[in-house]
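Got some structures for you, see below.
Look at the two complexes coming up: chain A is in both, with chain B in one and chain C in the other.
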Partner chain A sequence: MSAPAGTNMRDQAALASGARLSNQQIVGIAAAVLVGLSLPLFVSDYRTFQFTLVVVYAIAVLGLNILTGFNGQFSLGHSAFYALGAYTAAIMMDQWGIAYYWTLPAAGMVCLVAGFLFGLPALRLEGLYLALATFALSIATPQILKYDHFEKWTGGVQGVVITKPDAPFGLEISQDNWLYYFAFVVMILLFFCAWNLLRGRTGRAIKAIRDNPIAASAMGVNTALYKSLTFGVSALYTGVAGALGAIAIQFVAPDSFTFFLSVAILVGMVIGGIGSIPGAIFGGIVIVFIPNLAENISKAAPWAVYGALLILFMYFMPLGIWGFIRMGYARLMRRLKAS
Partner chain B sequence: MQNRRTFVVTAAALAIALAYGPAGAAGKYGPGASDTEIKIGNTNPYSGPASAYGTIGKSISAYWKMVNANGGINGRKINFISQDDSYSPPKTVEKIRKLVEQEQVLFIFQSLGTPTNSAIHKYMNAKKVPHLFVATGAGKWGQPKKYPWTMGWQPAYPGEAKIYASYLLNNKPDSKVAILYQNDDYGKDYLNGFLKGLGSKAKTMVVAKEPYETADPTVEPQIIKLKASGADVFFNITTPKFAAQAIRKVHDLGWKPLHFLNNVSTSVGGVLKPAGLDKSVGLITTGYLKDPTDPQWANDADFKAWTAWMNKYYPDGDKNSSFNAYGYAVASTMHEVLKRAGDNLTRANIMKVASNLKGLKVPLLLPGITIDTSPTDFYPIECAKLQKFDGKKWALVSDVICPKR
Partner chain C sequence: MELFLQQTFSGLAFGGVYACMALAVVMIYQATDHLNFAQGEMAMFSTYIAFTLITLGVPYWWTFLLTMVISFVGGVLVERIIVRPVEGTSVLNEVIVFIGLLTIFNSLAGWIWEYTIKPFPSPFPEEPVFGNKFVSTHDLGVIGVTLVVLSGVFLFFRFTPVGLAMRAAAQDPASARLVGIRVGWMLALGWGLAAAIGAVAGMMVAPIVFLEPNMMGSILLYGFAGALLGGITNPAGAVFGGFTVGVLENLVGAYVPFIGSELKLSFALVLIIAVLVFRPSGLFGYVVVKRV
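Up next, the complex of A and B:
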C-alpha cells in the first residue's frame, strides 16, 4: 500500500471531518453566494423582501441548529430570544435613535447573556424536561412584553414602529434591496463563524456532549460550561435574526412572537436538515414559503395542507432537504464512477 | 406626393384618435382598476388565536359575490383577494405587500386587528394606498393629517366612552363614577376618552379608578374597592371573561349603580349568560348595528334582505352572529364609495370620496345612525344609541347620541 505522506493524511482527515473545505465545496459555496447576491436583480421588491425574511429565518434556524443539531439540547423557547433581539433593536432605534447596524451586535450580546443565564439552570434538565422549560419561556414572552412597567419602552400591546433604513453612500437601490444585501452579508458572516466554531476543538466538545455526555466529561470536557455557552451562542444567533427581522418588518408587537414562531423555527431546522449548516438556509425557505404554498393549494384548509406537506417531507427526506441533496449527490457520483 | 402626405397625416390623426379616444371616455384608473374589474385586497385571521373574527372576511367575500352576480359596480366586477394573516403582524406585512406590490390591488379594505394594522400603518401611507374602513376600534385610525390614507369605520373606543360621558353630563351631572379598566391600550383608550368627555367635571365626578391585568385570575377585589368608594355609576371597561366576573360581583355585593358596560363585552351568550341573565338586568351599553338576534327587527326590510343574502351567498355562516351583520354593513359602505367614485378609480379619488360622505345611510345600521366623514374627520360612525338589558335582550332606550368633540 502506498500510504500518503503524514501531512497529506491529516489533510484527508480534516476534509472528512469537515474541518477543511474541499475544492468542490468551495466552488459550491461560491456559486451559492453568487446566486444569493444576484437574486434581487431578477425579482420584484416584494420577492426581495420575502428573501430577506428567508435570510432572517435561516440565521434563527442555524441558531437553533447549533443547540439542538450539534449539542443535543432541545428548545421550544427560541421565539423568546428572537423577540428579545427584535425588541432590543426596536427600542434602540425608536427610543435612542441609534443606527440600525449597531443594533445587531447589541441584540446579539443581550441574547448571549440571556441565553447563557437561561442555560445555567437548564443544565439540570435533560431532553423532554428542557423542552418543557423552554416551552414555558416562549409562552410567557408575549405577556411579559405587554407588562405595564415596561410599556414605556416596549409600547405595550401597540408595539413599536420603526423606520426602514435607506441605502447608504447614495446607492441607487431600493430599501428592500439594500436590506436584503445587508442581511445577506450578516448571514454569510454568521455562517462562517458557526462553521469556524464547530470545526475545531470547541466543535468537537460540543458534538461529544451530544453523542455521549459521560464520555465527554471523562475526556475532560467541561460539560456544564459548554452546554451553557452553546445555549448562549444559539440565543445570540437567534437574537441577531430577531433584530434583522424587526428592521425588515419595521414593527414589533407581542403578537409577533407567539409560541408558533418557536415551532416554525423547529420545523425549519428539521426539514432543512438537523446538524448541518447549509440546511439552515433551506430551513429559512421552508418557514417563509411552505405556508404560502399551502394556502395556494387550498384556501379552505391551508394548515391541513401544511401538515400533509410536513409528513411528505419527513417521509421522503428523513434527513432533511440538505441530507437529501447530499445523499443524492453521493449516489450520482458513485454511479458516475461506476460507469 | 401631396396626396400621400395627406394620407399619412390623416392616418396618423386617426390612429391617435383611436388610441386615445375610447380610453379617455372610459375613465381614469389607478393600479388594480380597469374597464372590467376593481381589485380589492384584504387580510383576515382565518386561522390562529383570533380566527373567530374570520367570519367577517368570509361575509365580505360573500357580499362581493352578490354584487358581481348583480352586474358589479358601474359595470365592473369586484375581485376581492382576502388573505389569511393568522393575526400575526409579520405575516400581515408580508401579505399586504404581496397584495399591494404583486397583485396590484387598488386599495386595502377592512384589514382586521389592531396590532396587525399597526404593522402596516406607515407602509400604507408611504405607498399612498387607501387603507379603508379597518376592522378595529382603536382611536388611532382617524388622523387625517398624519395618516391621510388610513380610515376606521366602527365607533372608536374613545368615541364610545364619550357617549356615556355626555349621557351622564346631560342626565346625572351630580353622579359619582367608579371605573374598572383593563390595563392596556384598549382599556386606556376608553378611560381617556371618558375622562376627556367629562372634561372639567372629571375631577369631581370620578371618585375611583381601578385597573386590572389580563393575567389576573379575578377582578373581585377591584369591585369591592370600587363599591367602597360610594359611587352610584359604574363604568365597566373589561373584556368578556372579566366583564362576566364584574357583573356577577356587583350584583352579589348588593351594589346597584348605573352600570355602563363597554361594547366589547355585550355578547348575551358569551358574557351575560355566564354572569347570570337575572344579574345582568339594567346594564347599559351602546349599539349602532341591528343585532340579528333581536326580535324587533324580524320584519325589518334591511334584516330580511340580509337573511336572504345569508341564505343565498353565505349559507354555512352563522345567522346569529353580529360579525356577519357587521361584514354586510361595512361592505355596503365600501360599495357606496365605489359607486360614487364612478369612472374615476384612482387611489386619490377613492380616498376623496371616502372622506366626503355626508349622512350616508347603510343597511343594518340602527335608524338614525349615519356615516359622516370629511377631509378632517376620519371617524365614519361616531353616534350610537344606548341600549339596556331587559333580562333577555338588549332594548334600545335612547335617541341617537353623538359624542362631543
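Up next, the complex of A and C:
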C-alpha cells in the first residue's frame, strides 16, 4: 500500500486492520447510503416493503456473522432469538399498547440477556456440539411458542396481529415508506456499532478467540466472558431484527420461526460473506429475493435453491459475494496501476 | 400401572426408532467426526422412496429391502460427490454443507411428493398380540425390527473383514491406510450404512407420525439426544441412549403435567444441553482428551 504523504505508520496500520476507513471506503459507504435512501422514490410500496425485509434480514445476518464470522462460534439457533425479539415487540404493542419504536431496545435487551444466558453453557461446547445445541434450540422453539400457558400473551397457534405504524410529524409518506426509512436508520446505527465494536481492542479479542482460543487466553483475554458476551450481542442484533420484522409484517406466529429461518439467516451469512460487515446486506438481499425468483418454478424450489447455493458457495466462493467483490476490486486496482 | 406400562411400551417403540437414528449418527461421527444434520432428511427421503414402491405394488418386505439398498447406494453417492470436497476442512464448512443437504432433501421431497400428509402402511396386523392391552403389534414389531437391524450391524462390524477394515479406518486412518485399507471408501461405506439404518427408522416411524417432508426433524433431534446420552463415541451406548430417550420422553409427557405432549421437544433440548454441560462423554462414551 503506498502511503499518501503525511500519514505516519500508525495511521497506516489502522487503515490496514480496518480500524479506520480509507477515503474510498467513505465514498463507497456514502454512495450506498444515498442509494438506500432514494430507493423508495423509484419503486412501488410493495417493493419498498420487500426492501424493509432486506434491511431486517441484513441486521439478523450481521448478528449471526458477529458470532460465527468474527468469534468462530456456531449457531443454528438464531431463529429462536429472532422469534424472541419478534414476540417481545408484538406483545408489547398488542398487550400494553407501547409505541413501536420502544419495542426495539426492549427486544434487544431481552435477547441480549437470553443470548448471554444461552452462551454460558455454550462455553463448554465447541464447534460441532454448539451447532447441535443450537439446532435443538431452533427445533424446539415453535413448540415453546405454542405452549398453552403462554397463550394469554403469545396467542398460541394463531399468533399476534399488530397494526402498522403511521409516519410521524404529519409526514406525507406512506406507511411502507416510513417503515423502510425507520428500519434503514436502525440498520445504519447497528452497522456502525458493529464496526466500532469489532475494530478496537474488544474486536481484536473477539477475533483472537476465533483464530486461536488458547493463545487468546494466554494473552490475557477472558475467553469465557467474551464468548458469552458475543453470544449476547449477536442475539441482540437478531432480536432487534425480529422486532423490526414483526412490525413490518404486522404479524407473528409460531410457524414463521422454524428451523428454516435459522437456515435462511445462515444462507444469508454464507452468501454475503462470512466475517464481513457489508456482506450482511447482500445476505439480506439474497434471503428476500431468491425465493421470489425461485417460487416461479415451484413452491419447494426456494429451499432447494438455498441448499444448492449453500453447497456451491462453500465449494467455489467461500468468502461470499463481498469477498468476491473485494477480490475483483483489488485485481482491477492492480491492473490499473500496472498499465 | 396400566398407563405406565402402555407408555413404557410405546416409548420403547419410539426408542427403537431413535436408537436407529442415534446409531446412524454415531456411525458417521465415529468415522469422520461429523454430526450429520441431514441424516433425518435422508431417512425421510428414503421413506418416500418406500412409499412410491408400495404404491407401485411391490410387497412390503421387498420394499423394505429395496429401500435399504437404494438408501445405501444413495448414502455412498452423497459422501463421494457432495461431502468429500469439504471433508477435513473446517467444522463450519462441513456443517454448512450438511445444512445445504438437509434443505435440498427436504424441498426435493416436497417438490416430488408434495407437502400433503400421507398415510404409510405398517407391515404388522392391527389387532394386538395375545389380546393384551398394553402394546400394539406395530410397537412390538418396531422394537423387533430395530433389534434385528442392530444385531445385524453388530455382527457385521464384529465378524466380517469389511467391518474390521471400517473400524480400523475410523480409529486410526493413517495406520489403516498403511496396511492397505482404502480409508476413503470405508467412509463412503459408513455413509451408506448410516443411510440404510436411517431408512429403517423412517419406515418404522412413518405409520405412527404419518409421512410428510418435515416428519424427521424432531426424530433426528431425539436421535441426537440418544446418541449423546449413551455416549457419541460408543455405538452400543447410543442404541441404549435411543431407547432410554424414547421411554423417558413418553413418561415425562404422560406424568409431568406442565410438559405434556406440547413441550416434548424442549425436553430433548434440555436433555442435550444437560448432557453436553455435565457429562459431555455421555453415559458410556470415553472421554476425549485433546492435546494442545
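As a convention for this text, the second predicted complex is superposed on the first by the 311 of 339 C-alpha atoms of A that agree within 3 Å, B and C clash if a C-alpha of one lies under 4 Å from a C-alpha of the other, contacts with A are read in each partner's own complex, and residues count from 1 in each chain.
Assume a residue touches a chain if its C-beta (ideal position, glycine included) is under 8 Å from a C-beta of that chain, and two chains touch if they have at least 3 such contacts.
Quick caveat, the model's predicted, so the values are computed rather than measured.
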Which of chain B and chain C A:Asp45 touches, first, second, both or neither: first
Chain B versus chain C as contact partner of A:Leu125, first or second or both or neither: second
Of chain B and chain C, the chain that contacts the larger number of chain A residues: C
Which superposed partner A:Phe135 touches (first chain B, second chain C, both, neither): second
Partner chain in contact with A:Trp303 - chain B first, chain C second, else both or neither: both
Which superposed partner A:Gln143 touches (first chain B, second chain C, both, neither): both
Contacts of A:Val161 with chain B and chain C, given as first, second, both or neither: first
Partner chain in contact with A:Phe74 - chain B first, chain C second, else both or neither: second
Contacts on chain A seen with chain B and repeated with chain C across the two complexes: 143, 146, 148, 260, 302-303
Complex contact set, residues of chain B against chain A: 46-49, 83-84, 86-90, 93-94, 97-98, 101-102, 114-116, 118-119, 121-123, 183-186, 213-215
Chain C contact footprint on chain A (complex, rising order): 68, 72, 74, 76, 121, 124-125, 127-129, 131-133, 135-137, 139-140, 143-144, 146-149, 214, 259-260, 263, 266, 270, 274, 298-304, 306-311, 314-315, 318
Complex contact set, residues of chain C against chain A: 33-35, 37, 82, 85-86, 91-93, 95-97, 99-104, 106-108, 110-111, 115, 217-218, 221, 224-225, 228, 258, 260, 262-266, 268-269, 272-273, 276-277, 280, 292
Chain A to chain B touching residues, read off their complex: 44-47, 49-50, 53, 143, 146, 148, 156-159, 161, 163, 245, 249-251, 253-256, 258, 260, 295, 302-303
